[in-house]
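Okay, so chain A shows up in both of these, paired with chain B first and chain C after.
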Partner chain A sequence: MKIAVLSGKGGTGKTFVSVNLAVATQNATYIDCDVEEPNGHLFLKPEHIQANPVHTLLPDFNTDKCTGCRKCVDFCRFNALAFIKGKPKVFPEICHSCGGCVLVCPAGAVAEHGHPVGRIEHGAFGDVSVVTGVLNLGEASAVPVIRAALAEGLTGERHTVIDCPPGSGCPVLESVSASDYCVLVAEPTAFGLHNLQMVVEMVRLLKKSCGIVINKMEDPYEPLEGFCRQSGIRVLCRIPYSETLAKLNAAAQIAYEHDESSRVLFDTLLQRIEAEVKL
Partner chain B sequence: MKKLLILSGKGGTGKTTTAAAFIGFAKAEAFADCDVDAPNLHLVVQMDTKPEQTTYYGSQKATIQPEKCVGCGLCANTCRFHAIRFEAGRYAVNEYACEGCGVCAYVCPQQAVTLEADIAGIQALYRGKRVFSTATLRMGRGNSGKLVAAVKTALSEAAPDKELAIIDGSPGIGCPVIASISGVDMVLIIAEPSLSGFSDLKRILKTAAILGTRTVVCVNKADVSLENTEAIEQFCEAHGIPFVGRIPYDHQASMAINVGMSLADVPCPARDALQKVYAQTMKQLQGGAA
Partner chain C sequence: MIIAIPVNENNAEPSICVSFGRAPWFLFHNTVTDETQIIKNPAANAEGGAGIKAAQFVVDHTANVLITVRGGENAAEVLLAADIQIYKAQGRTARENLSAFTEGKLEKLESFHAGFHHKQ
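Presenting the complex of A and B:
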């Protein structure tokens, strides 16, 4: 069972839900795909961490072989190559590593080298295997690091919880594609509802089944309740706002381990998800 | 025009709530929402004009013409983005994975691949006395940094004479954030007093430093952990980053949002604290002209 946890809006509690679900599930793998700001490891504090760098490829130009024909510069659709003093030059931050310049060069003057963009950390918290993708500061594209994190974590038949980045752009899609069920965490506010509608659209396009967790619930927010009823998506559980949970969260403590009512709540949530996946 | 960008690293710390309050306090006449992946500012700034909507084209996408394709698979083997798959007896492009590099079209011996324009989002520009620029990225599309740049350009072009622009940013440190930071005068970071919030604050501060942009920091929901708030304040002091105030957790903040109001118009403790943060931030923005 591969569960993706997502929300559209940031800060609704994706990491809170993912971490506690992973702990509630026995022998699970937790994958942090929010590689721009990974936080799951702060809660799970994994041990025996092995770190591996993630690289993308950047072109190298052999100036002795280069005839200055400009074919590479003209081919590059990302404008990542400039023709300066008769030779091509790459702007690493714009390059998509498509390899086109290598292919089109008639003189064989373009080779590629690995450029580090982040790292994957793999460790363990008890029986939870913890995989964290970390994007290097100043790097623009999270996607290669997310792909590497998923490749590292999605092995064998272990139950997996994927903690997705916020939004509904390409990094989220990459994370969701790998799952077989989506848990959508929503906050009962106008912002929460608006962004939930965006991710529901995405999940439906990808033909994934899903359920909703309403987090930080104070008073019911009628437009959100109405949306859940009309869309026919099941509300898996409602987690009340509580000072206890806010304080545990602030201190990066795992609610499942410190708060009896959270333990019951996440065990129930897990059972409901398992029942949904079997449908 | 002085441009103030509001960021946070971690999501959900209160960027949009703060942006809407600042717009109210400053009676700002130019503002933008650069969180194109999950825009929300339009829900709380009451505009009395209708927006001009324009289509935003991102990278082109490859299409394989089945009648020309002979099934050699060269395109699928060469594509670095795993965007071409053999499905139902033919090769087809996954539009979400395709980055429009054109390598498949180049290698195809049958000229079966074409690159087509792709709508990657919708831009909306509200003109009038108050100018508001925003956009929505189409689901699953990349290149959000380019759309962010387009949102900012639209604002500058439509409101060249306004003294102040308030820009709501997106969470994270990647492409859209880097595009948001480019060209602004100062960044206000809304931190959350959790260990996660602190970790994310450090990453966004370093990212802004790499890009050479001035930053100031405030803490929202400060009373959730006074200990972490204290630690963040000390961290800022140690690194020479102006700390511009604390905002308490206030249930009325989400209530204001739910009825489409800015906190500037709702008397409550969070509003009073935000007003002080606003005054301190403006002092820094005006004072430190780089």
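Presenting the complex of A and C:
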């Protein structure tokens, strides 16, 4: 079972739900795909970390061999190549490392070199296997690091919790793509609802089944409750807005291990997700 | 000398387009022959890298000067590498800007934005 946890809006509690689900699940793998600022490791404090670099490929042009035919420039649908004064030039941030320029060059003038964009850290926290994607500062695209984190973590039959980045763009699509089920964490605010609607649209586009977790709940926020009823998406659980949880989170403690009501809540959430996945 | 200007319309009095990479048309004015032509910008609907592609388009039309409201860093890198001089547009129409350039009233565009892709 591979569960993706996402929210659209940042700060709704994706990591909170993810780390507690990972601990509630026996022998789970936790993958932090929020590679721009991964923070799951603050809670699941992994030991025996092995780190491996992530590279993307960028083209190199051999100007002696280049005949100036421009086939590479014309081929690049991302417009990552320009042709100036008879020579091709690459814009690394625009390049998607597709390798097309290498293939279309009739003169064999294009080679590729690895460009470091981040790293994958793999460690263990009790029986939880913790995989963290870390994007280098200043890199434009998170997708290559997310792809590498998923490749590292999605091995064998272990239950997996994928902690997704905020938003509903390419990095989230990549993070969600391999999941069986999506847990949408929603905040009972106008902003939270707006972004929930965006991720609902996205998971439906990907034909993923999903359920909603309302976090930081006080009184029911009627627009959100109404949206849940109308969309027919099940509300899996409601996590109270509580000082106890806030203090545990601020101290980087795992609520499941220190708070009895949270233990019951996440065990129930896990059972409901398992039942939904079997449907 | 060939002067390139991003414009909104293909007519006799086109207005200058605030976007460089995604301008629908480019006006090219040849100061030697006094000929003006307006050509569709192939980068207008590009998924990404529109600035680079539009800059390439300007380079391929052997422009010496670009007059634009603004431009991105990547586009500027292409244009400057091809020794194209970039001037900051003033006023509303291409014609006003061509006159202002001829009279030496336009200033060089020195700052370029980091791009709007994936930005809100």
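By definition in this document, the second predicted complex is superposed on the first by the 277 of 279 C-alpha atoms of A that agree within 3 Å, B and C clash if a C-alpha of one lies under 4 Å from a C-alpha of the other, contacts with A are read in each partner's own complex, and residues count from 1 in each chain.
As a convention for this text, a residue touches a chain if its C-beta (ideal position, glycine included) is under 8 Å from a C-beta of that chain, and two chains touch if they have at least 3 such contacts.
None of these values were measured; they are calculated from a predicted model.
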Contacts of A:Ile84 with chain B and chain C, given as first, second, both or neither: second
Superposed model, chain A: greater residue contact from chain B or chain C: B
Chain B versus chain C as contact partner of A:Val73, first or second or both or neither: second
First (chain B), second (chain C), both or neither touched by A:Met1: neither
Partner chain in contact with A:Gly169 - chain B first, chain C second, else both or neither: both
First (chain B), second (chain C), both or neither touched by A:Val235: neither
Partner chain in contact with A:Leu154 - chain B first, chain C second, else both or neither: neither
Common interface residues of chain A - those touching chain B in one complex and chain C in the other: 77-78, 169
Sites on chain A touched by chain B in the complex: 8-12, 15, 34, 36-37, 39, 42-43, 75, 77-78, 96-100, 103-104, 135, 137-143, 165-173, 177, 187-191, 194-195, 198, 201-202, 205, 218, 221, 246-247, 249-252
Chain C residues within the chain A interface of the complex: 43, 46-50, 52-53, 55-56, 59, 74, 77-78, 81-82, 118
Of all residues in chain B, those that touch chain A in their complex: 8-13, 16, 35-38, 40, 43-44, 59-60, 78, 80-81, 96, 99-103, 106-107, 137, 139-142, 144-145, 170-178, 192-196, 199-200, 203, 206-207, 210-211, 221, 224-225, 228, 249, 251, 254, 257-258, 260
Chain C-touching residues of chain A, taken from the complex the two chains share: 73, 76-85, 89, 91, 93-94, 169
